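Below, each structure is written out as C-alpha cells.
Note that chain A is present in both complexes that follow, paired respectively with chain B and with chain C.
Our next item is the complex of A and B:
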C-alpha cells in the first residue's frame, strides 16, 4: 500500500504531514509506504491513497483516486482516525 | 534549529491591529527581505500560492505556514513568526483564521527537516497553540519554545 502526502509545494506542510502519517501508521500497526510531493507532480504519480489539506486534495478528486483530507497536520489523533476511516 | 533561527534579528514579530492575510505574509517576510535572505519574488510567490491553491497554508487551527519553493528566490534558510492578537482571515471560513503566521524560506528539500520536526513537536500538543498566541515578547516566545522542546537554557 502506498500513501502519497500532497501539498502545494511539496516541501513544507507535506513533510510535517508525512512524519505524522508514519507515526500514526506505527501507532495503528499498519505497514505502508509513505511519500510526499507537490500537487502538480501528484497528478502523475500513482498511489493507493492521496492525503493532504482538504482544499489541496480536492483537486485530485476525479472519481478514480482515493483521497483523505486532514485539517490539522499536527494532530496525531486526527490523522489516526482519518487513516482508520479510509484505509 | 528552530530556536537558533527564530533568535536572529527581528524574526519574531507582534501585531495588535487587524491585518489582511496579504499584509500578514508581507510583514512576516520583511526581516528576510531586509537581510536579503529572500528576494521580493519569493514573497509574491507565497501570496500567489494562496490565491492559486486556496488557504491550505493554514495547516492547523490558528497556524499558517507561508512558504514557496527554493527556486522562487531563497538565498538563505530562515523561519520567522508573526503573532497576531486579531485572527488573520485566510478565507471567509473560521477554520482558516490564523494568529501564528510563520514564513519559511527553504534552500532545498531536506535541510529544514529538523525545523519542521521541532514545529511538529511543539504543536503536537494542541494547548501550546493557544499559549503561544498569548505571549507578548520575543523573550517569552523563545523561552516557551525552549520549554516545549525540552531545551535547557
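Our next item is the complex of A and C:
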C-alpha cells in the first residue's frame, strides 16, 4: 500500500506530515510505503491514498483517487483517526 | 591526500551534504540499505538543484534584458530557489557548512535556553545559510571565520524567528503545541501587529464568501509558470518585436519566444525544487530525530502552510492583498530609486497567505487585509534594498524573496561595515 503526502511545494509541510504518518502507521500497526511530493508531481504519481491539507488534496479529487484530508499536520491523534477511517 | 580531502571531497558541496546525511542516518542507526540510498539521494538532490540553475539562467537573463529595454530600469524576479541554486558554484561549501553547524547551534540553544524551538523547514535553513554565506563573503569574511559567524547567526535566527511570532501562532491554532518555522517571520510579525491595532478580531475572514477557484495556485509550479508567462508577455511587448527578434530570440517570433522562455523558467524552478526536496528529505528527519533525543520538550517549528487549514479564507484574502501591494510597489520602487521587484505569485502566496492568517487571528478580516498588504510592501521593498548588498556576486536579475532574508542581509551588511 502506498500513501503519498502532498503539499504546495512538496518539501515543507509534506515532509513533516510524512514523518508523522509513518509514526501513526507504526502506532496502528499498519504497513505502508509513504512518500511526499508537490501538487504538480502528485497528479502523475500513482498511490493508493493521497493525503494532505483539505484545500490542497481537493485539487486531486477527480473521482479516480482516494484522498484523505488532515487539518493539523502535527496532531498524531488526528492523523491516526484519519488513517483508521479511510484505510 | 589532505588536499584531495579538503578540496575535492569536502570542497564539493554535493558530497559534503551527502556526508551530513550519512552522519545523521548512522546516528539514527538506520539499516544499511536506508543509509546507502539516503546518502546517494542527498548527493543526487544537490546535483539536480545545480542542473536546475542552468535551465533557469538563460531565461532569467533574457527577462532582465527585455525589462531593461522596455522600462529603462532593472527588473528583478525574487526567487529563493533560483538564487540559491545559482549561488552554489561560488558558495556551495560555505552554505553547506553553515547549514550543518547552524543546525547544531539550534539544538544547543533549544537545549539550554527557554526557547525550545527546533526549526524543521529544511529548505529555509538551506536558503538562509546561502544568504549568510553570500553576505558575509561580500563583507570580507572567509574560511573558518565566515562559517562560524554564519552558523551562529543561523542557529540564533532558527530559534528567535519562531519565538517572535509564537504569540500569534497560539492565537491561530488555539494551542502551544506547534510553532511556525518560516523565514517570512518579519512580515508575519508586522501583520499580526497591524491586525491587533487596526483590525477587529470579532469579524473573522472565515465568515466571508471567498472564491475557492484560486486554490489552484497552491500548486507552485502552476503559480510560477503563470506569473512568468504574464510578466514575460508584458515585458516583451514593451521591449518591442524588433529588439527581441534581432537581439535575443535569433529570429523566433517574439511572443512565442516569450512564452517558451517563461515556461523554461518555471521548468527550471521545478527541477531546482525537486533537487532541494531530495536534499532535505534525509537531513530534516535526522535533524529532528537527534533534536528529540537531546532536547526534552522540543517544540517543532513547521513550514507555514501548517497554519493555513485553520483559516482557509484568510489564505486567499491574504494572498490577494499582499499581491496587490506587490503590484503597487512596482510603481513605487522606482520613485525611491530602487529596482523594480516583480511580484512573484509564490512568495505572495505563501507569505501573503500566512500574513492573512495571522492578521485575521489578531484583527479579523480588516487585520488580514491590512496585515497582508503590509507584508506585500515588505517583500517588495526589502528585496530591493538587499540588491546592492549582493551586488557584484553575479546574481543578476534575481534575489531572495522572503522578508527575513532581506532583513538579516541588510542589517548584517550594516554591522560589518561598522567594523571595517
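Criterion: the second predicted complex is superposed on the first by the 87 of 87 C-alpha atoms of A that agree within 3 Å, B and C clash if a C-alpha of one lies under 4 Å from a C-alpha of the other, contacts with A are read in each partner's own complex, and residues count from 1 in each chain.
Note that a residue touches a chain if its C-beta (ideal position, glycine included) is under 8 Å from a C-beta of that chain, and two chains touch if they have at least 3 such contacts.
Nothing here was measured: the structure is a model prediction, and the numbers come from that model.
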Fit-or-clash call for chain B and chain C when the two complexes are aligned on chain A: clash
First (chain B), second (chain C), both or neither touched by A:37: second
Which superposed partner A:11 touches (first chain B, second chain C, both, neither): both
Which superposed partner A:45 touches (first chain B, second chain C, both, neither): neither
Partner chain in contact with A:76 - chain B first, chain C second, else both or neither: first
Contacts of A:53 with chain B and chain C, given as first, second, both or neither: both
Of the stretches 20-28, 38-46, 74-82 or 236-244 belonging to chain C, the one that collides with chain B: 74-82
Chain A residues contacted in one complex by chain B, in the other by chain C: 7-13, 15-16, 19, 39, 53, 55-56, 59, 71-75
Chain B residues touching chain A - in the complex, by the definition given at the top: 49, 53-57, 59-61, 63, 65, 67-70, 95, 104, 106, 109, 112-113, 116-117, 119-120, 123-124, 126
List of chain A residues in touch with chain C within their complex: 7-13, 15-16, 19, 36-41, 53-56, 58-59, 71-75
Contact footprint of chain B on chain A as seen in their complex: 7-13, 15-16, 19-20, 39, 52-53, 55-56, 59, 71-76
Touching residues (chain side chain C, partner chain A) in the complex: 120-123, 173, 177-178, 212, 215-216, 218-222, 270, 273-274, 276-277, 280-281, 284-285, 288, 300, 302-306, 308-310, 312, 315, 349-350
